[in-house]
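By written order: A, B and C. Residues from 1 in each chain.
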Amino acid sequence: MPYSAPATGGNTALYAEIQQFYAHQMHLLDGGDADAWAQTFTPDGVFAANAHPQPAVGRETIRAAASKVKAQHAEEGLQVRHWLGMMDITEQPDGSVLARTYALIINTPRGGQAAVSLSTTCDDLLVRDENGAWLVADRKVVRDDLR
Amino acid sequence: MPYSAPATGGNTALYAEIQQFYAHQMHLLDGGDADAWAQTFTPDGVFAANAHPQPAVGRETIRAAASKVKAQHAEEGLQVRHWLGMMDITEQPDGSVLARTYALIINTPRGGQAAVSLSTTCDDLLVRDENGAWLVADRKVVRDDLR
Amino acid sequence: MPYSAPATGGNTALYAEIQQFYAHQMHLLDGGDADAWAQTFTPDGVFAANAHPQPAVGRETIRAAASKVKAQHAEEGLQVRHWLGMMDITEQPDGSVLARTYALIINTPRGGQAAVSLSTTCDDLLVRDENGAWLVADRKVVRDDLR
């Protein structure tokens, strides 16, 4: 199959479905709902980042990390927005999806100037739960400044 | 229904349709076509923002506001781009759609440096007109710096 | 047909398909794969920009230009990300697609601060190759600072 063929293999409904998943997931994170955020990962989900010495593994660890960061932002009066985009997906034979995206983190201090904080890539392995909803089984975030 | 289920309820065609609507709408705004922009709202459409003391109500008010802002930007030699993204939609029983997005406003002065101007959220109630085209019935924009 | 009707004419699968194409294309460019990048244009594809005195025509010219720019970025320790968004598409009777997008170029120096580098528009004529994959037949990039 030529490299330029749609990675979705004609499954374009999947593309919108995963865009919707990411939007919802990031609204949860930026809205400070750490519990619901953690539930968008599999129970043994992995969140790795080149900015962190070790990956966070499992929902409770992922929840606690998000909760801590959110508390810091609240103290600093900072509203953070995670934009995921340029989503390149590949459906795998077992129904899981590899999703490669760019992420842009936009910070706005209360009463201050919005600005780009970070540019990263985000490589996810997505799987469906028993109800068909998408979950992140494995996420790898690479900050462009730390490459 | 679990929170992580696709908010589109399987209606993934809707997701792309509304992305296309927003893209077209923002091209009209940033291109300075205030008349066509106003027509993307219902006749009694509401545009509220936490930066404005009062909402703009109705197409003529919405048109006049866009026209005034565009004239200012032209005078300042400023090209403004409205990016909507991270779109989280919910289809309602009556066929209307709640669309929660992030907006990023990028300003470029003539001969100058492009930069993020504002980060906001944008919560819309979208309805179809008699031809099936989407219109904004109610928009609420909240600037992150003014939260 | 009213201006606000979906430009896709109900062909919402097409919208996701082209989003996927652009994501893949930009990952190739930003990843430095100039060969594969050039193959996303038609053999006689045209890349014109208001920042360039002359358009680049043909895959080899397009490849060489991307390769040169990538080498510069590598030397400067710069990671560049091309975001395309706000995609407004129109399917033409012959099956080709006009795609009008906004582009945002985000630069991150190694160990430094990510920032918006440029805001542009990107107007493409897209055609299918013999396998149904999308190719850019004609691209016109207009930098907002040079309008």
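In this text, a contact is a pair of C-beta atoms (placed from the backbone, for glycine too) under 8 Å apart; a residue touches a chain by one contact, two chains touch by 3 or more.
The structure displayed is predicted, hence computed values, not measured ones.
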item: Between chain B and its twin chain C, rotation from the CA superposition, multiple of 5 degrees; value: 120
item: Shared interface numbering between chain B and chain A [over half = same, under half = different]; value: different
item: Whole-Å separation of chain centres (CA-atom averages), chain A against chain B; value: 24
item: Shared interface positions of chain A, touching two or more other chains; value: 12-13, 15-16, 85, 115-116
item: For the chain C and chain B complex, residues of the former touching the latter; value: 1-8, 12-13, 15-16, 85-89, 100-102, 104, 115-119, 144-147
item: Partner chain A, residues of chain C touching it in the complex; value: 12-17, 19-24, 26-27, 36, 39-40, 79, 81-85, 106, 108-116, 129, 131-135
